[in-house]
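Pasting the structures in now, so scroll down.
Look for chain A in each of the two complexes below; its partner is chain B in the first and chain C in the second.
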Partner chain A sequence: MPDVQALVNMFLNKLKKRKIEGSQATAKQTAELLRSVISQQRVPRTNQAGALIDAVRAIGEQLIVANPIELAVGNIVRRVLHIIREEDLSLTTAAVAELNLSTVSDDDDDDGGGGDQDDRPVLSAAAVAAAARNTLRPPSLQMLLEGAPDFVAVPRSSSSGGDSEGKSKSMDRNSRTRKLKHDIIEAVNELIQDITTCHELIAEQAVEHIHQNEVILTLGSSKTVLEFLCAAKEKKRSFRVFVAEGAPRYQGHLLAKELVARGLQTTLITDSAVFAMISRVNMVIVGSHAVMANGGVIAPVGMNMVALAAQKHAVPFVVLAGSHKLCPLYPHNPEVLLNELRSPSELLDFGEFSDCLDFGSGDGSPLLHVVNPTFDYVPPKAVSLFITDTGGHNPSYMYRLIADYYSADDLVVQRRHAAGN
Partner chain B sequence: MDARRGSLPVPRVRQVGFFTPNAQPAPTRSQSGPPDSSSPPLSDSPASNSLSPVMIPPPRHHSDNLAAAPRPTSPLPVPEPSPFRRRGADNNNALLVGSYNPAETLLAMSPSSSHIGDGESEETMSGGWFRRSNSGKLASSLPSGTFDFSPVQSTAEVLKPNKVQNPVGISEVSARPAPKEQQPEAPSSSKQPKPKLTKAERRALQESQRAAKAAAKAPGGGKSVAAPEEVATIKSVKQHQTQKKDAPQVAVSVAASERKGGDKSQDKERRKDAPAPRMQFDDKSRVEKAKRRSVVDQTEAKKRVELFRHLPQYEHGTQLADLESKFLQLDPMHPAIYKVGLQYLAGDISGGNARCIAMLQAFQQVVKDYSTPPEKTLPRDLTAKISSYVSFFTQCRPLSMSMGNAIRFLKNRIAKLSPSLSESESKSSICTDIDRFINEKIVLADRVIVQHASSKVKDGDVLLVYGSSCVVEMVLLHSHELAKQFRVIVVDSRPKLEGKALLRRLVAKGVHCTYTHINAVSYVMHEVTKVFLGASSVLSNGTVYSRVGTACVAMVAHAFRVPVIICCEAYKFHERVQLDSICSNELGDPDAIGKVPGRMDVNYLNDVSNSGNLQLLNLMYDATPADYVSMIVTDYGMIPPTSVPVIVREYRRDHLLI
Partner chain C sequence: MGAQKKGSSRVSEDAEELARNPLQAILLADSFATKFRPITLERPKVLLPLVNVPMIDYTLAWLESAGVEEVFIFCCAHSRQVMDYLESSGWHKQPNFTVAMIESNNSISAGDALRLIYERNVIHGDFVLVSGDTVSNMSLTHAVKEHKERRKKDNNAVMTMVIKKSKPSPVIHQSRLGTDELFMAIDPDTNQLLCYEERGEHPRGAISLENSLLADNPSISLHNDKQDCYIDICSQEVLSLFTDNFDYQHLRRHFVKGLLVDDIMGYKIFTHEIHSSYAARIDNYRSYDTISKDIIQRWTYPFVPDVRFSANCTTKLEREGMYKAPEIQQSRSAHIGPFTVIGKGTRIGDDSRITHSVIGEGCTIGSNVSIVGSYIWNNVTIEDGCELRHAIVCDGVIIKAAATLEPGVVLSFKVVIGREFVVPAYSKVSLFQQPTAQDSDEELEYADSSSGAIDPSIADAGNKLNGDIVSESSQMQDWSTSQLGPGGAGFIWSACDGGCEEEWRHSVAPIPTDKLAKALLAIEEDLEIVKVSDSALTPSGELEPGSDDDDSDNMDDSNVDTVDFEKEAEATFLRAAQDNIAVDDLILEMNSLRLSYNKSAGDCTGALFYPMMKLALESPHNTAVELQKNVASVVSKWHKLFEVLAKEVDDQIELIMKFEEMCLESTKEFAPIFSQILYLLYEREIIGEEAILRWDDERKDADESDRVFVKQSEKFIQWLREADEEED
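Our next item is the complex of A and B:
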């Protein structure tokens, strides 16, 4: 336990100091951290899933607070929570099925302790119904017709499900505890795997979107975009790329360098020339920082300008996003609330402007302000297409896609909610 | 309004260069009696019709006649305070009259209310002229006002003070029977040119003869038709010369040469109106030719951006040293020209106004030191010289459109110099013309713009400016001096980072400033109430051609429903049209893109910049579509971008008679 706490603290520090760059790296590290948290977490005999959820939630909350702007952290925390729930559920259903079998065989053998066992099938049936609902499996017509009382019963049964589980684990408790944890860790590993390989999955789709002699514009640097373009290049498509440099970080230079190294014809332009050039561009392909549930995109600063220009010239604006960037939250005033101001020194040299810094008006407020935001919010209507590792989607579909990855109970990772649960 | 719209579809530009020769009310006015014959406008129209090129519909000629009519009169009555204002007024006349319904004109009906509407709508578009609509109304209120209309107006225009104008107009109207004045010279066609001629007259005669020949070639045109025009020209020239000695002479010669008439010259004129196609640098043979002539040794960039092959792409940084070493060899180059050229090349002078003023002053120096070589005439030789200097400037840095306008003005002035002037007189006349151009078109214009624009700054405003435009800066400082409480957001972009200098100057004056880069413009746009932008040029389709990034800022402002106000002097307006920023642009030094000064951490491109696949594109300008522009503040007032062609039209005439 102490070493986990140390790990968490270290990661918190990194997050607070913004040492980790890029949502992919953050997501991966978060997942790894949570994995170790889960593996080290001692689970009680009863309600192990609940205990794991609480533990992950507590740490997740700290992580989110450490860098609320890095939505990938929250995304991963929620996904891990979702994984725990799912694994728990599948274990339960498996156990129920087993028990059902065993009750059938038990009935044959002897009827000792039947009172207990008689209850179980009823409860577990409810649990199965809850599972059906939770995994968003389409309810069968049968259930729709008959199922109204079922749905009422579901919450109660799921809350009591823990107890029944606890009772049920009489003999193979140890093995089941291990099984749950093992499954969860397996699933988290899979998640990590997904995060590391998501751009490959995205890049596979490149040929479907890039044709010969295309002119593509991108802004800033994104590994996903790089892989995407290179994948098309490897498929013998020849096209040209305009890279807007993405002030004030000038990541575009980096991307241009990489693209050139891979033999793509690249033209580096200033951000201000985006509007001038976009009329000759066939497609805008950009990376993102996070994709919100409404289909809006949190992206490196300047992206809204590009999106507007693309919209003006009816150029498709394609956003590449790994699934770890899909955030289940709906943005409110994202330009301000989901943004971060970076150091002014990136824009103005302090030394150069030191003489101006002295000027102050009577009320003490300085005359000179420097604004250097990190992110831009691109509204969903400006986005033509999202390409995620599961394929291309409309902005309006994102909420549904996101529902696959998160359970509704985890949308708010807050202690009081955790306590309430 | 509707009537006016109806008359619009034929581009008005055509009217500009078109002068029917027989409309000469100026002489008539000075003559005591009514003109020898009162040919009704109806009878005249076929004649002018046959004169005209095919494209112009016949009814238009009336309006053209009318439009042309007041021109010579204007110098006569009063020495007017501001000649270029008056020119504008005349143009407006043309506009007003041009919108006549031809049927109305023929029937000599009094102008309907639509004319008044006309005047007013014109006025709203161009804030400067308020007297016009007044006189228009006056004229329309008079029974016989139809044909009198324009002369009255022009006189009214000439008399600047508003109060004086009306009585004069009335008296004039009542004094003369209107319809007779309309076509005073038409029957004089039977007269032969007089044998005794001054130099100017001879020239005018020659020109008109040439024109007549051309007219004869044209379908439906004939010498018989051209003849009256000759006479008219000569006559008018003579009259003017006898009446006025010095000042109007220029004007007269202008008028005379303007009026050379005939199809060919009209066509030519019109063709000149349309901007000449620019040099396309993907045209190998022409580039070769240009290279042979060029003074500056330019090495072509090795990596040219494919999309911009039509633009000059040269290696930067090599020419300067080369030119400096050539200083003593460049014999024909005037040192002032040389100096300014070097400054352009080194980027020491930038900004449309500064460049234009520097160029004009250099030309002034040239003119001062100029002496006509033997067996050459001053206008031709000087024009040729200036052309060579201009091509030198172009090699140093492509000319801005405002500079093109200024050069055109200067050449025009030289070409229109009266041959009777002595060399020193011509020289001083050119010099004063240049001074007046700088003063009126740039310095005074800026002052007017500042007045207008700062009236739009309210307390509590947050103004966003982009880059560094000297007019916008003046607006901000003036508003600050007026103790208005506002904040300025200076948006800047690489590679020039001109905003830093502006920021420094503003902060030093105590203006509250926020500085940011262009990517963050949608972040700051929420709080912005107005966007002030400068322009390198405003094209006649309303496109604003300006420092690259302006379009982005305007677009974001438009998306956030923030008004975009462009501050631009009218001399920067250009009749060229442009839809995108690709077809015509200027490319800066590409190496400036790869290096980020002051940022040691950004050095990704240091080692790859010589790779064949990487191209660096440093666009200098972009074209902002007119939809994003709420208002253009110019020396003629505050206008919507749709009114730019109107101003361009007015303004081009200004060139002739500044």
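Our next item is the complex of A and C:
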């Protein structure tokens, strides 16, 4: 456990100091951290899923608070919680099916085939209830059960009356413990795999969207967009790309460099020239920071301006987003911090303006104030299409997608913490 | 050459060693100064809250994020408090970041501290030297790499100093951080520091560069717009240098200047300028104010209130740069303005207005309170109707109803301000009496600060204050006759040691406009002086050696000197005339004066002739004839003086010309009798025949106006020439 705590602390530190950039890297590292948390977590015999959920949630709370602006952290925490619930459910149903099967085999001798059909749902419902009780059992009871014969074995022992059979059942139970953990880790591995390969999955769809001799506009730099454009290029599509530089961080410059290195015809423009150029553009393709439950997008600053220009000229505005960017929260949620104000030194040189920031003169309040927000919010009506690793979706469909990935119980991870604070 | 090789091989070994060694840092958790008194009597400076986070947390968080792995915290005054704080905070538990304490009870300066650390032998390579009041977000990797590369090439490059561009105020000659304007001479190619001068040491605003500096370096750039960040990347040698030179106390004043002046060992200091990142040190109250505002404006990102970089609580950034912690009870009618930070659990009453301020945790602010530009620490109670402008209010202070704090007030811990009391501007209030032994001498200040730290009575009182409130309430009785209004508790410290009129420079309050206006006037006067002395140096221009700047400087000097010399000579002569001093003595005196000013005999005669003639003019006379008689008597009295001083023909010509000038300008009375006096001088053998003739020759080609006196004495000259010929 101590090494997990050290890992958690290190990651917390990185998040707090804003040392991890980009939602993909954050998402991947969060998932990896939670995987090691799960694998190191000792699970009790009963209520394993509950113990795992508590452990993940406790760490998830810390992670979310460490950097509330990076929504990918919360997303992954919720995804992992969802995975635990799903795996537990599927194992329980599998166990119930097994139980059913054995009861059926037991009953086969007593009852006729007709009663069989009626009996099964009744029995299975009882078993589910037992299983549910099983998972909800407090640990104190579990201590009592240590010496006693297995809970599930009790009704069975009355029917078959074999002590050796009860033992074999508890063995089976241990293996089930390991199986749950194993399954969860498998599923988390899949999640990590998904996060790493989301670029490729999105890029595969490029040919369907980018056509010959089109002009594509993008803003700032996004790895997803780069891969997407290059995938189209590899499929022998010839098109031109306009890159808005993305002040004040000018990541568009880097993107332009990369695109040229891959042999794409690229034009670099200032952010303010977007409106002038938009009439020549066939499609706007941009990356995002997060996609909210209502289909709104949190994206690098300047994006709303591009979206408005595209809307005005009826140019399709396409947002690329890996599934880890889907956030189950709504933008009006007070817990969602929509923006991060970075250092003004990205905008102007402190030395040159130091005389404007001299608080010694005047009435002591600075006349110059420099604001450097990182993100913009693009409302859902400005977005034409989302392309995720599962395909293209309408903004109004986002809530449905989110329901697939998250369970409703986990939406409040953060709020609970805030209330506790 | 052999030695050089040996040195270089050692360097490469060192480099390997350095690669293995983790980056170390020395953090001085004691400023060895008294600028933050009286607050620092009770709590060390590094633990004072800066935007609700202790200063040392900013420094440690920055060192941690900049890749420093081992920090040695040196503490002296209040070392117990610093250690307790570090124990309670999470800094000991950080992965890849070890914090070790070095405690001392008798160090009185940074020099002592470094000597002690050298003795402990804990530093194994290059290290970063900072003080515990540094706020920065710069990345050290680049600077350290630069330093190491320089070290490989030149073993004498012992230190890299981090600087940042920041324009000083042209009016009051101090930086925005309240420190004195700083002049630096830097080699633009190598970034080597060549000269480091603070304006405070040169009140006339002029710095002098040594000639050798200009001769040795092909180019130099002079800067007055660089701010010293007090972040130094040092090699191990720095510690041993401090040990070798046991009189080094101050890092800049002694160590840096010592190295720059000393050319025997040849140690070099380099600079590293940072552009986009932030670095500054809290040196006085003004920099406390400035850096707080920089933090609120997010120049120090990611070390800003809404990012949890230390144990600080979650704070949310709202519109207009307003930071709010949770659990704030704020009245609906209270107005909280822009750039304000409000700490956890603070209560704010009706109709209160707060702008540009920082409020700590657990404060209670009543109704109709106005707070502007103030720093209010934790658990402060401000009752209804108070007014606070640009003040610092420490923990546990109680300000009773309708009291007023004028700009620049500092209230130390647990002070109580009585009802409707007005605390005058720039006053500092503490529960402690002001220490009586005050001296403006810097060295004594060091001693003073350390004695304050170990003085048992003060330490005891401090403990008592930190202890239970019950004992304190009994203490309250003593304040019945307080200087702070009814129910007040505390002493107002009299305006500080030394520069009390300079208080406005370093306080949290903005500089009053009248002071600015005065400073502006002074500048205009300065400019006139500059015009006279015609300085060719631009503040940050580059100078090429071999240009004639040196000569022009000399010219300036001689101009000033001539005026001085003439005045001095005149005074000497008049004194001699009054006191009837013998001519021989005067000659002696004049000679020494002449030598000390490095003047020729000609200058001397000219300077003496004028007062002599004036003496004649001042004695009563009615007609030109009487005046002539006066002159004759004066000349007869002093002729020996000129005989000795004006031996050479050139000097005598000089004398005639001076006389001519006088007749034209200052003493026109002599104009009609010029020739007579000339004859008189000839007769007394002050002026020789040859001199007169040559003067005549020189004037031959001159303008008609210049020849007035030549014409007047035409007959005399004619007579001289004839006499000459006859002799032949």
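Everything below uses one rule, namely that the second predicted complex is superposed on the first by the 337 of 421 C-alpha atoms of A that agree within 3 Å, B and C clash if a C-alpha of one lies under 4 Å from a C-alpha of the other, contacts with A are read in each partner's own complex, and residues count from 1 in each chain.
Just so it is clear, a residue touches a chain if its C-beta (ideal position, glycine included) is under 8 Å from a C-beta of that chain, and two chains touch if they have at least 3 such contacts.
If you're wondering where the values come from, they're calculated on a predicted model, not measured in any experiment.
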item	value
Touched partner set for A:Val65, first chain B, second chain C, both or neither	second
First, second, both or neither for A:Gln212, with chain B first and chain C second	neither
Of chain B and chain C, the chain that contacts the larger number of chain A residues	B
Touching partner for A:Lys19 - first (chain B), second (chain C), both, neither	second
Touching partner for A:Glu346 - first (chain B), second (chain C), both, neither	both
Which superposed partner A:Lys312 touches (first chain B, second chain C, both, neither)	first
Contacts of A:His369 with chain B and chain C, given as first, second, both or neither	both
On chain A, positions contacted by chain B and by chain C	344, 346, 349, 352, 359, 361, 369-370, 372
Residue ranges of chain C touching chain A (in the complex, touch as defined)	61, 64-65, 93-96, 137, 164-167, 169, 171-172, 174, 176, 178, 225, 275-278, 286, 289-290, 293-294, 297-302, 307-309, 314, 316-317, 321, 326, 339, 355-356, 372-373, 390, 509-511, 516
Interfacial residue positions of chain A with respect to chain B in the complex	240, 242, 245-250, 253-254, 256-257, 259-261, 263-277, 279-280, 301-302, 304-305, 308-309, 312, 335, 339, 344, 346-349, 352-353, 356, 359, 361, 367-373, 376
Residues on chain B engaged by chain A in the complex (per definition of touch)	305-307, 489, 492-495, 500, 503-504, 507-508, 510-524, 526, 548-549, 551-552, 555-556, 559, 580-582, 585, 593-594, 596, 598-599, 602, 604-605, 608, 611, 613-619, 621-623
Chain C partner contacts - residues on chain A that touch it in the complex	6, 9-10, 13, 16-19, 65-66, 337, 341-346, 349-352, 354-355, 357-366, 369-370, 372, 418, 421
